[in-house]
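Same chain, two partners: chain A is paired with chain B first, then with chain C.
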Partner chain A sequence: MEQLIDTLKSQIITTLNLEDMSIDDIDTDAPLFGEDGLGLDSIDILELIVLLERNYGIRLANPAEGKEVFKSIRTLAQYVEKNRKK
Partner chain B sequence: MTERQWKGTTYGNNWMHKWLVRLLRVVPLEVMYWFVAIIIMPVTYVVNPNRKYIYAFYRYRLSKGPLKATWLTYRNFCMFSQVVIDKFAIYAGRQFEFEIEGYEHYKRLATRPEGFVQLSAHIGNYEIAGFSLKAQKRINALVYYGEKESVMRSRGHVFEQMNIGMIPIGQGVDYVFEIASTLSRGEIVSMAADRALGNSAKSITVELFGKATRLPAGPFLIAAAQSIDVLMIDVMKVKPKKYKVYITPLQYDKTASRAERQRQLSLHYTNELERRVRQYPLQWYNYFDFWNDYTTYTPHANTD
Partner chain C sequence: MPDIVITGYGIVSAIGNDAQSVLDSLRAKRTGIGKMQYLTSTHKELPVGEVKLSNQEMKDMLGVPQDRVLSRTTLLGAIAARQALEHSGLQLTESTRRVAFISGTTVGGMDITEHYFEQMQRDDQALPLFAQHDSGASTIESARLAGLHDAQTTTISTACSSALNAIILASEMLKNDEADVVIAGGAEALSLFHLNGFNTLMILDKEQCRPFDATRAGLNLGEGAAYLVLEREQDAQERGADIHAYVSGYANACDAYHQTASSDDGQGAYLSMSAAIARAGLSPKDIQYINAHGTGTPNNDASESQALRRIFGENMPPVSSTKSYTGHTTSASGSIETVISLLAMEHNFIPASLAWHTQADDVITPTQGVEGVTLDHVLCNSFGFGGNDSSLIISAHASHAEEPRRTDIQSIVAAESIIDDPEQLKQSRKWISPMEARRMGKLLKSAIITSLEALEQAGIQSPDAIVTATRYGMLDVSVRFLNDMSQNGEEQLSPTLFMQSTHNTISSAIAIRTHCHGYNITYSHGTQSMEWALRDARRLIQTGQAKTVLVGLHDQGTPEVCDMLRRMKAEPLPELYSHVIVLKADDSQ
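Our next item is the complex of A and B:
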């Protein structure tokens, strides 16, 4: 799980062009949205949805689960581990 | 920029909207148009500060003289009032005639299992696009969450009859999950690409009418990120009870990098938008300082 978390952090940094950040700067349990955490906006989330599909073959079919899945890096990693197709 | 994002609501209160719908069930459309043009619009023209942006559009983006630009601004207000009346007329059960150009592009995509994106703009009467297209698959229109209850209720009632759903855009990110799941179900997502989308400030700089301006990145990213087919749909008023629908595929190289796909898509969108507005100059309804140049007017000819 820890390896997947680091991989996800690295992919998020690349996808969202967070060049001034390293994986150590991202708190695994901090919220992805809002000012307390990474502060991602709606377009960032859209990019992460595409990342999940491209890298892990996961399509987010149920919008209701989206907010829970994208709560933090840890919840995202747990979802990827459970649902990944590649 | 003075006001990049629309406040998300139609002018007037719920009571006014209800009465307008009731009135439109009995009063001929032309009577309403003339009443508004002669009685209401002269007052609106004087008190509405948005006239300066539209005036600047005609004066400096379309290079019209001062008198011509003033007259076009007044006619633009009148035309806008007509398309708003038409929107409520549809809620009141009125029928309009639609002529569709490029319907084959829509049918080709609508009969495939994959979803696609429809882009429009705040020109013509984009909200009634869905009424003109016999939806072979469900259309999901992005609408502003802050819209009046009466408009949302009327809209919802009419939309459901036409197999059109609504994805309300609020300040949160829920609508992004709705868009993603809608497309993965093979449905259509429809949105205007010339206004800010949700809470994202990300934008793309494009050249439109000879000067750089910003468009929201979201609509182009939604399509380009997953190499989804895109149609541009413009619904332009051509007669009191007739609209012409233009359906144009926005081509882009799906093998290019994502940034390049996004760039090509926004370029084709702006080219198409400019072409359509030049064809129907009275139907440009972006009532804010779109080029961020209101205080520093720059004549079109000197901007390059």
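Our next item is the complex of A and C:
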């Protein structure tokens, strides 16, 4: 799980082009969206949906579903572990 | 000020290839949205509003040899422009009048580029097709095919409000005596590029779109073209032309909220509608029908409804979205829906909003159609990505409202800033946070830095208006999206690349950053883009409509495109170029 968490962090940094950020800067339990956490928005959700499909073969049909999955890096890692097809 | 009149119009859309057939479809409540026939996409599950003509058929209609490769946008535009001229009864060959052709488009020749992009890069035979890529090239070719050989031409690219902004510019040029006849509107063909782009944003409905319905789940893309012939009332009367309607009010505002989403309170829409009503000398109760932007996405319809409620309150006139017939014809929608509104006015009916079944609290209830009404004033909304929101009012009679307007204010340059070397972006941290930078290509960074620097020099926080010029827009993201499509097909594409690819991204990003809700426009007319932008900025100041205007030319080259232009011996593109000028009214007069 810890390894998946780090992989996801580095994939998010690359996909979202978070210049100057390293995996240590992202708190595993902090919210990804909204001003209290990383500060991502609806377009980032769409990018993360593409990331899940490309790297893990997971298809999320609607962005609203994504909101729960993308609460934090930990919820995302749990979801990926359960649903990954590759 | 002279009154501006509409003396002709032409339209080609999913519900008909001319005004009469569009009228018949509207009255029969017959949608043109259906299964994809002409676009060769793998996304057959997505319904579209295609024009029921192949490129071959359109070439035949226009007398163009079949072996000539022409953009579908150009063909659609030429057909609608020809119809408009014919309808107006203008004899251009004998006329000494100054004619202008203003077209709104964003896709331009992308349908050709996406098909031949790889070939163009290695094959000299396919190479000349790239000359049709940019929006301006498509406008110029449509004008030629419509017989407008001596007209001055320009192209506006504010995404889905482009055509409405073309009509606004036409009215301004006529009032300012810069032309005697203006043919204005827009054209847009379906392309794989924007079908897939909208799909990455997850806002395309797999069913027929249901604007303002509780179950609405997105839009259906459409295509088409429509143009109006506009003149000053007196000129039209002197040549004995039929006057179909008056352009009585219009406004362009910016939501300045988000690149692809509308604000919850619909501020941009509220500003454009209320300013258009005020300019027409009317009050909300005078509006008898509203042709809404109404795309069918949850966000647009809620935001637009909020703005409508803020203006009309309990006295909401009938509202419909005719995108339920035509699909969302993006850059052409402003003129297509103005022509639909003209047909409604001339034939005494209000078009229904199709496919509406279930009421919802967050949106207005659209009309199911009304027959036998007299319409004096109709409001037409057209909103684009980046919050480029415009509204137009057409009226059956002259208002003769005395519009207070100056014509003599000089502009002076208050500040200037240039970036012409990517090295200069190293200073970006001063102006752009890492979170903002994540979605900014080099050109957007240089545009933001030069704009903020120039505004700071001029001592201005937020300008009254932002006018932007660009030949190709953010070419690096468009090229990456094209390469992704050719390498990986039509799946797993990046929404971030698509949302930056419209030409108006730069102008709206500056508006968002400077909280500028004022006039916001983007010209994309080849190497003449900046000339038109400066002309617009000076007109705004000259007529007292703005005191400070931020004008910028922003372009960039990618290795692929620079190489193609070099092989074509065309005007080269710099690697990166941003030139911003802050103009302000000369107070010393």
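Please note the rule applied: the second predicted complex is superposed on the first by the 81 of 86 C-alpha atoms of A that agree within 3 Å, B and C clash if a C-alpha of one lies under 4 Å from a C-alpha of the other, contacts with A are read in each partner's own complex, and residues count from 1 in each chain.
Rule of thumb we're sticking to: a residue touches a chain if its C-beta (ideal position, glycine included) is under 8 Å from a C-beta of that chain, and two chains touch if they have at least 3 such contacts.
Computed from a prediction, not measured in an experiment: that's the story for all the values here.
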Partner chain(s) touched by A:33 [first = chain B, second = chain C, both, neither]: first
Contacts of A:67 with chain B and chain C, given as first, second, both or neither: first
Partner chain(s) touched by A:19 [first = chain B, second = chain C, both, neither]: second
Which of chain B and chain C A:3 touches, first, second, both or neither: neither
Contacts of A:46 with chain B and chain C, given as first, second, both or neither: both
Overlapping contact positions on chain A, where the chain C interface meets the chain B interface: 41-43, 46-47, 49-50, 53, 62-63
Complex interface listing, chain A residues touching chain B: 33, 41-47, 49-50, 53, 59-64, 66-67, 70
Chain A-touching residues of chain C, taken from the complex the two chains share: 200-202, 258-261, 434-435, 437-439, 491-496, 499
Chain B - residues contacting chain A, complex: 172-181, 184-185, 197-202, 217-218, 221-222, 225-226
In the complex, chain A residues that touch chain C: 16-21, 39, 41-43, 46-47, 49-50, 53-54, 62-63
